[in-house]
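Structures incoming, each one as structure tokens.
Shared chain: chain A. Partners: chain B in the first complex, chain C in the second.
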Partner chain A sequence: MDRVHQLTDTTTSADNQDSQGGSLPGDVGFWTFIVADASLFALLFFQFSLDRSSRPAVFDEGRRDLMVFFGTANTLVLVTSSWLMAAAVRAMRRHSVRTGLRLIAGTAALGLVFMAVKICEYGLALRSGHTVSTSPFFMYYFMITGIHLIHLLIAVVVVVVVGLRLRAGIRSPLDSTVLECGAAYWHLVDLLWMFIFPMLYLAR
Partner chain B sequence: MWAVGLFRIMVRIERGRILSYILLIGGVLTAADLMFSCFFWLTAAFRPEQDPSLIQLLYDSGWLWLDLAFGVAMLYMIPFGIIALRDTRTEPLFPKWLAWLGIWVAMEFLAELIMPYFRSGPFSWSGLINFWIPFVVPAAWQVTVSWFMLKASRRLNEEYESELARAEQSELARAGQTAAG
Partner chain C sequence: MLQTSQALRRAWVGLVAITVLSLAVAELSGISAGVETPFVIVAAAVKGRIILVRYMVERSFPLWLRCYFSVWLVGCATVIIGFHLIS
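On to the complex of A and B.
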């Protein structure tokens, strides 16, 4: 609930900045992007569930080969990063740039940790002989987590670029709008993982 | 033709015009992409009595070409989004959500690039991610953009006429001043 509240906060403030005259605002319109992206994943999850119910044994066998430890660790990492991101936006709104910068750096670092863990996990899966084409479960596993990882990569790049600009002393309304849109996007990436983790690692 | 129409409107919004030219090229290439795929499929259908594996080869070529080269549509969808977002009019010619939707669709086209690795499932060319979404959503997007294009061209005409009228008035006023002086 708190997060939802936060997100709505973000939009309204981005909106205000828009009316103050940014040149490329990430305003309410950006939410179309988020809704479209979330719908794509929802459809993908739906398709996964359909295929899973038609061949439960194959999917269950695949699931047992995943290490829940990695998934759990990454869940914690991503939730923490989301929290730091929200705190960073709040700090920037209070104009405490230093705290904001530190929080942004923390967010980006946790994003990188998530990626590193995921890459280790991929390495182990590949070593034990699972690839995209070995079973439908691993097709979904690699594709869904891969697309999610690309999303996270984009989010990290956005956050790092805004952070570097802030450190160089550049503070335009566009930057804060991009930061707030980046935060919303970051939360989306986190939210998607909240569905992916139980779906792939836990559901029996 | 559609790309030229969109180009003419976008040029009026954008100052630098670079993105508008990229948009124009992207539109032309996308049309060419569709043409090539149809050409492959037509070749397959031209001699139906020939070796079935050759027909399959052409059929596959058509689909691979269509899906992989369709990414050039990014070249007009992303510039469209950026130009539309940068529109400084109090009521922009294109709504911002439409701009963002175009950018999202363009990003979704990246998923087309993984299509050759799958022959079935949601990522194959007949699947959810590489058929249903990248063809249905952009089609809906394009129709909506067209509708706003019609509205935008009407508004641009009005803007142009009111500018003309203003110019004429100031001309008249200046003429009046010199006559009085």
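On to the complex of A and C.
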């Protein structure tokens, strides 16, 4: 019961801070990590674009070997999972624990769908003879999407752990913070994919 | 500040619509690469903005973080488009 009260106090406090503006959902240290992570991907985008500008024909040939269907499907899966994640945080803040848990489960399930699609795509690429050493394009393709996939895997683990703890009735301020951090991380993974998809699959 | 469920749903509809539009322009329209690439990358930046504003509730961020993400979005889009156009 005390734990439930703790969550109530935390969320009320967070809402108050939000209404005044200038507060962060989740932990401040975590947002520093988010900024560092986003900066790392910005550097990867820069390096990819720089290398592509010197060998556009090689990169375009690699791009044509990708199946846009997989990238599109994963984009739709990821934006839907982000929607569910945002709705889950909203539900938890409004103390609709059961709804929140269902939405968290849906988010994690879509994360797994994304990973399954990506693994299928990797399998087809490898079967077609494309590896990290085939061409500069495929080196970047496997590196950027691989790092992104690891990010998503971490996000799924965080979301599942928080969901299981909430399901077990453990509702501490720490869980509330971890849920908000997990949601922010999930949205970052989505945000990064918004650039990865057109950069690798669409841009000619 | 909590987003309403309607605002979250509208954001999702917008993200899906822009994704489909980007795909249509890139794969079906037959326009030149010089127009197509800027279009799909700007569309990506718009989607990023929607995610920041609606899902990450950027409004509740401190000023430095809002500035960082604005620079990040514009910077990534500019770099990708710029290098594509000069190649």
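Things worth noting here:
The working rule: the second predicted complex is superposed on the first by the 178 of 204 C-alpha atoms of A that agree within 3 Å, B and C clash if a C-alpha of one lies under 4 Å from a C-alpha of the other, contacts with A are read in each partner's own complex, and residues count from 1 in each chain.
To be clear about the criterion, a residue touches a chain if its C-beta (ideal position, glycine included) is under 8 Å from a C-beta of that chain, and two chains touch if they have at least 3 such contacts.
Since this is a predicted model, take the numbers as computed values, not measurements.
After superposition onto chain A, partners chain B and chain C are found to sit side by side with no clash. When the two structures are aligned on the shared chain, A:195 is found in touch with chain C, with no touch to chain B.
Contact comparison for chain A: of chain B and chain C, C touches the greater number of residues. By the touch criterion stated above, A:86 is placed in contact with chain C alone, chain B being left untouched. When both complexes are overlaid on chain A, the residue A:143 reaches chain B alone and has no touch with chain C. In the superposition on chain A, A:132 contacts chain B only, with no contact to chain C.
When both complexes are overlaid on chain A, the residue A:37 reaches chain B alone and has no touch with chain C. Once chain A of one complex is fitted onto chain A of the other, the partner contacts of A:99 are absent, as it touches neither chain B nor chain C. Angle at chain A (Cα centre) between the Cα centres of chain B and chain C in the superposed arrangement: 120°, in steps of 10. In this overlay, which is a superposition and not a single complex, chain B and chain C have their closest Cα atoms 13 Å apart. Residues 23-25, 31 of chain A lie at the contact with chain B in one complex and at the contact with chain C in the other.
Listed in rising order, the residues of chain C touching chain A in the complex are 1-3, 5, 8-9, 11-12, 15-16, 19, 22-23, 26-27, 33, 36-37, 40-41, 43-45, 47-48, 51-52, 54-57, 59-63, 65, 68-69, 72, 75-77, 79-80, 82-84, 86-87.
Here chain A touches chain C in the complex through residues 15, 17-19, 21-25, 31, 35, 38-39, 42, 45-46, 49-50, 52-54, 56, 68, 72, 75-76, 79-80, 82-83, 85-87, 90, 93-94, 184, 187-188, 190-191, 194-195, 197-199, 202-204, going by the rule given at the top. The part of chain B that touches chain A in the complex is made up of residues 82, 85-86, 88, 95-101, 103-105, 108, 110-111, 114, 117-118, 121-123, 128-129, 133, 137. The touching residues of chain A, counted against chain B in their complex, run 23-25, 27-33, 36-37, 40, 43-44, 47, 51, 132-133, 136, 139, 143, 147, 150.
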